[in-house]
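Just below sit the structures, each encoded as structure tokens.
The following pair of complexes shares a single chain, subunit A, combined with subunit B in the former and subunit C in the latter.
Moving on to the complex of A and B:
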């Protein structure tokens, strides 16, 4: 394990960005933090978590896929992919770090999504353990430890220092490049911080929430009468899906430039009326069905198909952001008993 | 107030005056209240809340409640009554489907302001008079209501209920509000400064469309931005031009109909001050056509859909244009 004084953290950022592009959570006009490219003067946010998750660095909201140029009867297919640069993202919390594992299961299983894979291959993830978990946090419900985040390099912060520990080859390489700035320290140096976070976690209101109820008969959840009440307030805005680190659905669209087609993909939301629209229409005609889909996917279908891994990491973003305060926790608490 | 509301609702349900009640439901935490429909007394007693966090405007839900038929008891705050009237004027709700109880309101709190003040790990929030106490796992915090009041409430345009069947608490006055102060500041900026300001704000938009979906003036059955065959459909703003245009077009679309209820800004997850766009239109309408408040009257032609001899001429653009 290594440490660096928090007073020198900007030097650390400067050193990283001298090698690779670096993104850190930084505050904007609205006081929320966003993964921002580090430049001289960009300050690490004190916020617990970013408004949007780190997902966008690997799976951007809008991404060009391919373009077509037409001339008479000829169609030229143009690969629009550019050489991806290596980059580092610093300050990813344990929940978001765990979300990469979920996205990997979707995008890296056969057939591999080469766009996502390229970004994953080129990105180095430096996670940061939480110091002040919030009432909306329930990562521990999914077996995630906020005091011990995964990643290529895990970091911890106390009042004076930042502690770093590399966990992968990529992490090792980066730490090596930074070694002039870092001081080697005891493996237990971050133990106090870890213990403090764990103690707070136990005091938080959602600490006892467990998704185990959802491992039973999925049809009984699907057919539960309670959806009729739960969905009612949902305005179908899709905010929950856009801020969610694990939501992975996208739409592929063609933009007609007049001389050809730009084909791109963009995040989609199961909460939208035209989600999975086909020639014959959409399979989910009502908001009840759309609303149910989001939670069935995360709590039932995803674990069914992925060795019991849930499609939620408990980051709490949908709890904070839903305009009508309807969210996965309310769904879990309301439906848990029906899943038997 | 909550007890009084519940007991009156129970009475009206019991004597058959109404079939159901629309109000706010207790959340997981103290502040995350959800709009909900209640069917009986037991339901009301266990789930109904009315407190500092019941800012959500129920008006939009009334459009679908009207479609369901029957009689609905709706509790409306002063600002909500303007939205209701506007929906009436646009024939989106039917008056006979609703029994309206106007409830007194002295401003609602905004959980984001409590968070911005550094409170996290919230366990409970209580209020007494003007004092708001937030107890968190990291210790207690004391605020005055004015520290944590929602922006739209701190610049409230009216405490008067423009429509109701009965009142609970006091009916207030139309207020001399400071709601155009920030618009004036923006007007005084140079075009470049103003552009910078709006780029800073609008570039955070994630195009969730929460602002549109919650808006009582946005009740089109199918929005052009959701319609794949319109050529304008988009789920994500591909570039900054699109991002700007979406908001400007939406503001134009609700101009003259927006009551300034402030829901768009309340729901925006990116905290974009969308109300400033709408207030600019309202201010301009006031200046060009005389004071006008959407929703104040039901049987009145709004200035943008009316013609009078002394309407502003298009050339006004040149006179005002350089600001």
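Moving on to the complex of A and C:
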């Protein structure tokens, strides 16, 4: 394990960004933090977590797939994928770090999504343990430890120092490149911070929420009468899907740039009415079906297909952002138990 | 760069046949005149015209045809209308094949097969029927019940009359919804016709058509004593990626593009009724 004084943290960022692009959570005027490319003057945010997760660095909201040139009856397909630059993302919380594992299951399973894989291969993830989880956090429900985040390098922060521990070969390489700035320290150096976070977490209202209360057969959960009450307040805005680190639905569209045709993909939302629209109609006629789909996917379908791993990491973003205060926790609480 | 399934290849439409007022069948080969890829009966491919759109279509030609792929396409929107306007020689984009297939080399072997199709639903079944015809010794009797709104809407009538109907051990039953001048065949909806014909319940059934037709045919078959585990169908949902990643086409925990489109009815009935 290594440490660096918080006074020198900008030197650390400068050293990283001298070799690779670096993104850190930084506050904007709205007081919320966003992953921002570091340059002189960009300060690490004190916020618990970013408005949006770091998902966009690996699975961008809009991404070009391929270009076409057409002339008469002829079509030319142009592979516009460029060599991706290496980058580092610093300050990813434990929940968001776990979300990459979920996205990996989707995009790295056969057939591998090369766009996502390239970004994963080129990105080094430096996670940062939480100091003050809040009442919207429930990562521990999914077996995630906010005091011990995964990633290529895990970091902890106390009042004076940042502690770093590399977990992968990629992390090792980066730490090696930074070693002039770092001081080697005891493996237990971050234990006090870890203990403090755990104590905070145990006091939080959602720390006892258990997803296993929820495991029913897919048909019984799907057919539960409870959805009829739960969905009512949802206005189908899709906010929950856009801020969610694990939501992966996308659309593919063509755009004529005037010089050629660009095929791109962009995030989409199962909360939208045209998501499944077909010539013969849509199988998800009302918001009830669409609302149910989002939560069935995360809590039932995804674990069924992925060795029991849930499609939610308890980051709490959908709790904080839903305009009508509907969210996955309410769903879990309501359907836990007697939906079975 | 590694290949990516989302990046299509260019293919050429070499032949276009008008089957009905709103269905055309397109023959597609690579730029150097070969079959774009091998497939299994029931599989689909994504066809696109850059700037217009991309959509999933069943491969209607049999895997035993080694020279080209064929698609029967009903005009219903942006891309399909565009495809209906093109002329031979037009290049299009193609990627695939996607999805699972009918168990022609396992569960279907040595069985009496009953195909039930309505409208454009014949497109995916034609691939299976022609595969079975090409490997005739592997299967027992073949029955086809095929219906459309009118005489003009019966797809590929010529191949059915000139080849299928003449074959030994194969019966084709055609029907149209309403009486029409020049039509001496059966008149009535597919589900009723299937019940009237009263097939014995040892047959393996393969069914494809509009949801309402499927629903009523199944009710009829159940009355005749058929089990869900003898019945296969192919499903259709909105699709974008074709490979189980864009999250669009699921029925419960199954992605139709990847785990389907072919489902056995007993498997389908374990999934939420959301299709």
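In this text, the second predicted complex is superposed on the first by the 328 of 340 C-alpha atoms of A that agree within 3 Å, B and C clash if a C-alpha of one lies under 4 Å from a C-alpha of the other, contacts with A are read in each partner's own complex, and residues count from 1 in each chain.
Assume contacts are C-beta pairs under 8 Å (C-beta built on N, C-alpha and C of every residue); 3 or more make two chains touch, one makes a residue touch a chain.
On a predicted model such as this, the values are computed, not experimentally measured, just so you know.
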* To do: Judging by the criteria at the top, classify the pair subunit B and subunit C on subunit A as clash or fit.
  => fit
* To do: Please indicate which partner A:224 is in contact with in the superposed arrangement: first for subunit B, second for subunit C, both, or neither.
  => neither
* Asked: Which holds for A:68: it touches subunit B only (first), subunit C only (second), both, or neither?
  -> second
* Which superposed partner A:251 touches (first subunit B, second subunit C, both, neither) -> both
* Scan A:8 for contacts with subunit B and subunit C and give back first, second, both or neither. => neither
* Structure fact -> In the superposed arrangement the C-alpha centres of subunit B and subunit C open, at the centre of subunit A, an angle in degrees to the nearest 10 of 90
* In the overlay, answer first, second, both or neither for which of subunit B and subunit C A:236 touches. => first
* To do: Answer with first, second, both or neither: which of subunit B and subunit C does A:277 touch in the superposed model?
  => both
* Considering only the touch criterion stated at the top, classify A:266 as touching first (subunit B), second (subunit C), both, or neither. => first
* In the superposed arrangement, does A:207 touch subunit B (first), subunit C (second), both or neither? -> neither
* Structure fact -> Once both structures are superposed, the least CA distance from subunit B to subunit C in Å comes to 8
* Structure fact -> Contacts of subunit A common to subunit B and subunit C in the A-superposed view 251, 268, 277
* Residue numbers on subunit B that touch subunit A, as the complex places them -> 25, 27-29, 32-37, 56, 60-61, 116, 120-123, 136-138, 200-201, 204, 206-210, 213-214, 222, 226, 228, 233-238, 266-267, 269-272
* Asked: Which residues of subunit A touch subunit B in the complex?
  -> 28-32, 34, 48, 51-52, 61-62, 132-136, 200, 203-205, 232-233, 235-239, 242-243, 251, 255, 264, 266-269, 272-274, 277, 319, 321, 323-327, 329-330, 333
* Okay, in this complex, where on subunit C does subunit A touch? -> 1-10, 48, 50-54, 76-77, 86-87, 89-93, 210-211, 236-238, 240-241, 243-253, 270-272, 274-275
* Quick one: which bits of subunit A touch subunit C in the complex? Just the residue numbers, please. => 65-66, 68, 70, 73-77, 79, 81, 106-107, 109, 111-115, 117, 218-219, 222-223, 248-252, 254, 256, 261, 263, 265, 268, 270, 275-280, 282-284, 289, 293, 296-297, 300-302, 304-305
